[in-house]
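The same chain A turns up in both complexes below, where it pairs with chain B and then with chain C.
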Partner chain A sequence: MSDKLKRFAHNNKQPLTMLAVIVIMFVVLSFTVQEFMSYNNITNLLSEVASIAIMTSGVTFVLVTGGMDISSPSIMAASAVVGVYVMTTTGNLVLGTIVVLLVSAGLGLINGFAIAKLKMVPLVVTLSMMTVATGLATVISGARGLPILPPAFADFFNKYTVIGMLIVAAAILDYILYRTSFGRKIYYIGNNQNAAKVSGVNNDLIIMSTYVISGVCAGIAGIINTANISTARASMGPQSQILDIISAAVIGGVSVNGGKGRVREACLGALLIGGISNVMNLMGVSDYYTTLIKGSIIIFAMGIASLRSNIAEKKGA
Partner chain B sequence: MEKIQSLELKNISKSFPGVKALSDVSFSAYPGKVCGIVGVNGAGKSTMMNILGGLLQPDEGGKILINGREVMIENPKAATELGIAFIQQEIQVFDTMHVYENVLAADFDKWRKGKNSLVLDRKAMKKEVQKHLDALGSNIDVDAPVYSLTVGEKQLLQIARALSEGGQILLFDEPTSSLSDNEIARLFEIINKLKAQGYIIFYISHFLDEIFSLCDNVIVLRDGKKTGDALISDIDKEKLVGMMLGHMVEGNARSGVRAQSEVVLKAEHISGVRLPKDISFELHKGEILGVWGLLGSGRSELFNAMLGIDKMMGGRIYYRENGRLEEISQKKLYPHIGYLTEGRHYDGLFLDMSIKSNITSSDIGRFASKFLGTLNTKKEAVESRSLMKQVNVKATDENMIVSKLSGGNQQKVIIAKWFLKDPDILFMDEPTKGVDIGAKAEIQNLIFEKSEKGMSFVIISSELEEIMSLCDRIIVVYEGRLVGEVSKADFSKDSLMKGIVSQEEKHAD
Partner chain C sequence: MKKFISMILTVAMIVSLSACSSASKPAASADTSVQSASSSESVSNAGSPAQDISNSSASASNAGSPTQDMSSSSESASTASGPKKQIKMGLAMNSLQAPAFHAWADYLKKRIDYEAAQRGYEVEFTELNANNDVTKQANDIKDLIAKGCKVIFCPCLDSKAILQSVQEVHDAGAIYVSYCREVSKEATGSQVPDITVNFSSEEQAYVGVMKLFDIMKADGVTPVKMIDVFGDTTDENSHNRETGLRRALKDAGYENLPVVTVDCGRWEPDVAMQNAEPVLAANPDANCMYVSSDFLMSGVQTAMENANMWFPRGEEGHVYTDTSDMFPIGIDLLRQKYIDTAVDQGCYNFAVEAAKSAFDLLEGKEVEKVQLVLGTQATDDDIEQVLATTPLWGNDYRD
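== the complex of A and B ==
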């Protein structure tokens, strides 16, 4: 029994340390920050984290192939704006929701096609996509912005639905990446593209799919954010959000060089980062300080992650 | 620095936790002699060289004497100061810099114009480098950018660097592994020149032919012990191999004519972007077909173009399926073949992944469930283990990370990977490159075994002897073209060289 426990601990070192950090943080906060441990705040926190966590999960697929996607928040905003536009003009909420997913998948596909087929540099492609998608959202929402949606939408996607969506999406995505042959091929590509090709993996197709997955995840996040404010705006996917997403993934042990990381841990990373924002909000820290403090914490955490992998490497040699 | 008259190693041992890498090894070396060091992978050659190079310290009780005086080689810098220089197996140069900068890269400080000057005295630097290049009989331009040099010339730079640092004891570690035949001949000339000038030279190699043509004496290591120390004139190849392995290896014989069995693959007019040009051949069931040519002849390019790794510009491929030989696209062919590439690290292995994941990568779909594609990791482990046993991979278990294995074992993992797929045809580009004699024999036997069971092979090898002992038939390529075909009965170095020589003569006209 204890042997089994040991092996379990050894194989799950990364998520367990992260869980420990999160638990410690929560315990400390429950004593220092009033209201933090209240049922309301925790469920609020989870639903707030949901959109970032789902986007992080999608971007993790791209990162594991050794790629990069910084267009995720912009795709989120653009697909939501198009969807809300359809909802308010047709009055059909279901159709609009489907449109959100289709648009996000389409924008992801454009990313994927340019990167996998045209062999363009991922950073350049997704940087361009970021500005194009933001531009698209701005044009469609217009100067006066889009109208408010009927309450049925926010009622359906209430915070419990959203938490459920996060858990289900994270579980499914973790399963796909870690347990299926499709996921294994993603790791092969991230580890050694050339060897993957020789082994018979269709690199182009798999890489393209990861950008589509990242796009669809951004779409789901767009639905969640839309329900939150009952409309959609270009500004709901600020470009700085990508920093939160990438750092959540890296804190969760995803390597930006590809080949390493899991959705499960990336989501815990998102929870950690979301938790920090939430706490500062509760303590009434001003927005200016929030970004400053958050940035410092992220650099600190990433420094530790990098130090740890350096040590592991030395041990290996 | 005084002239080194002798180097003696006495009772050198080196223990690592759990392993004794060297035990009680003694030998001596003198100027004007080339001393060969041989042994299978893991015999202790590298440990020996690392001790001489100052990277490792011997256990207590061992002594190193230069000119009869005991010396301590505490670090690589101390080794350089004593006149010991390494010429590494992997050629390390600064590609975008000039020749003279490369040669003197170790100590730029020495070449400042004045004591406090920030400016380098380039004229003096070039003069110094020219001196060493002249001594090596080379006509490389000191001003040339290094990326414009050939591999052989780059290696020469490393030798010049060793000389410029005052090296008197030169350690060559597998220097020919990336050189073409012409370049090897040049290197040997240079080593002989250095020998005549009174350097002490150590030469490590897997290629026994090189040892016999170059060395004056040879030291054999096995499991960390010295098992042989002889003048080269006193021994022959068989004896040397005996010292290395401890038992005699049997030459493999293979009988039967496979060229009469049915054709499984037919390539017509295969052309790549630059190489190859218009190559056609047939492959029979169970046959081992060799592709022989010099480095740069388009051997690997033939495989890459034909199998769709690179672009194929022209040609047709026919494959036997359901009893009929029919034209097939590269994409449809790929599931039926395996391709062991030349670059073990470049496109052979997933270095940071487990042995298991590497082995199953050739046919990962087989382990996936139909509906969700869920991987059956238990089945993966079981099959990987059985293949590791079959090809004799030495590792703690199937979850070990591949980068931690030795070169020979990594190569076996790649072979296991393709045996898992069990293709009809296996293409192999240098299947035994950088692998020691023991593993080499094992790999060759595995190839024989599989071919008896009907697997067909197409094999590239730079080693004439290997390709002659392995193959049933050999096609010769030169500058991307097919210039000859030799069947088993006519195998000889002459018959293979003839195709190439006649082409070179045509060129000369």
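== the complex of A and C ==
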């Protein structure tokens, strides 16, 4: 039993460490911030974190290949706006929800095609997509904004459904990335793209697929955010949100150089980031400090990741 | 090693949080943050825009400027004594990117301090900032509810998207104050805010133009032709101000006064300049002007200089001018007598009315659901006195 526990602990060092950090943070905060551990706040926290965590999960696939996707929040907003437009013009909520996923997958596919097939630089492609998607959302929502959806939509995607969606999506995506041959190819490409190609991996297809997954995850986040405000707006996906997403992934141990990271840890990173925002809000800390602390944490986390990588390299040498 | 680093990270984070939290102490815990008791008189003017606000600026002068040392007030004796009632209030700001938004937040905090001290409350005030993110504003309101705020003030980013949040506030048994913004007219049932405090853009133009005609009459000048620098045509406030202008022309007996309109694009001073130049060249006999916002004055000034119509009051060729908003440039031009009268956006008056009404509602008193508040009026004659005595956002936040 003891050996099993040791092996389990050894194999799950990263998530256990993350969990320990979160648990310690929660315990300390439950004593220092009066409302933190209330049922209402914890469910709020999880539902607020859901959209960021799901987008982080999608972006994790891209990061593991060694790519970069900064268009996720804009794709989220654009797909949600198109979906809500369809919902309000046809009156069909299910069709609109499907359209959200299709649009987000389509925008992700364009990213993937440009990067994998046309060999364009990921940062430039996704930066351009960010502009295009924001423009699309602005044009469709118009000056007066889209109408409000019937209460049925928000009632269905209530905070408990959203928490459920987060758990299911994280579990499925983690399984795909870590347990399937498709996922192993992603790690392979991230570690050494040329070696993967020589070994017969269809790099272009795999890379394109990761951008599509990232797009679909943005679409799911779009559905969650739409339910949150009962409509959709271009301003749903501010560019600053990408900082939260990349921070969550990096804190969760995903390497921005590729080849390393898991969805479950990235989601824990999102929970940590969301937890910081939530606690700051409960404590009434100025937004300026929140940004400052978040920025400091990402620099700190990236510093540790870089240090570990250097140590590993030295040991290897 | 990793665990050790993680522990350090957690401790550092918690220490940082604790350090930061020291800035968010209860807003009103002592009688020291009390202002003049006569401040409530200014509210009556703020709430009744049809009145002559030249009086209101005098009463507003007693309302207590945020620039004053509030702790030195001699009125502390008038505050409620005995044990204080604990209450939490929250403000879910739309953004803090514009100076006026800082004014909304800061003035509100000060007025809550004041009302709390007067009524015997100790308020824990939490201010959050959505940074123009409509989803974050919804989440911020959820967090304020979870924190136990009984009153939530909110300048909404989106008048429709906020409706679900208004409903959630009501479901939690709290009060929603739509602050400096109105929610969509599609709101029904519990989506309707308990109180809406917004500015009365129509009255802003009306009282300003009426005052302008008074000044011209006093100077023995008869209006010949008016230049109307229209605001952004997609902004409802521009149309409200136009309505106020037309009503003033009618009430002052100048219904048939020729009015030539200048378009400003989307509140763009350079567009106003480009469009004003040909209009001024074609209408050199115009001797009065209404500018929908003095934010446009840099462009208007250039156009008037080019048309040789830019003279201060007292010099021949002066064009009598009324503006709305009182941006810093508006205040400066009032001082230099290029603008004759202006009505400010009323940021301070919003705060006065919002804080008072929120406490009234908490105490079970009847309040007006929609309160259109008028800003302070100043003329080139009394601007120095107004600045010395009344909080004007364009002056307090000019830097």
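Assume the second predicted complex is superposed on the first by the 306 of 317 C-alpha atoms of A that agree within 3 Å, B and C clash if a C-alpha of one lies under 4 Å from a C-alpha of the other, contacts with A are read in each partner's own complex, and residues count from 1 in each chain.
One rule holds for everything that comes next: contacts are C-beta pairs under 8 Å (C-beta built on N, C-alpha and C of every residue); 3 or more make two chains touch, one makes a residue touch a chain.
All figures in this text were calculated on a predicted structure; none of them were measured in a lab.
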Chain A as common anchor, with chain B and chain C clashing or fitting: fit
First (chain B), second (chain C), both or neither touched by A:N310: neither
First, second, both or neither for A:R179, with chain B first and chain C second: first
First (chain B), second (chain C), both or neither touched by A:T90: neither
Contact breadth on chain A, by residue count: chain C or chain B: C
Which superposed partner A:G200 touches (first chain B, second chain C, both, neither): first
Chain B versus chain C as contact partner of A:N12, first or second or both or neither: neither
First, second, both or neither for A:Y187, with chain B first and chain C second: first
Partner chain(s) touched by A:N158 [first = chain B, second = chain C, both, neither]: neither
Three-chain overlay, closest Cα atoms of chain B and chain C, distance in Å: 20
Chain C residues touching chain A - in the complex, by the definition given at the top: 2-3, 5-7, 9-10, 13-14, 16-18, 20-21, 23-24, 96, 124-129, 131-136, 138-140, 142-148, 157-165, 184, 186, 234
In the complex, chain A residues that touch chain B: 175, 179-182, 184-185, 187-188, 191-192, 194-201, 259-260, 316
For the chain B and chain A complex, residues of the former touching the latter: 309, 334-335, 339, 341, 343, 346-353, 357, 361-365, 367-368, 372-375, 401, 403-404, 417
List of chain A residues in touch with chain C within their complex: 13, 17-18, 20-21, 24-25, 28-29, 32, 35, 38, 40-41, 44, 48, 51, 143, 145-148, 154, 225, 228-231, 233, 235-236, 238, 240-241, 276, 278-287, 289, 293, 296-297, 300, 304
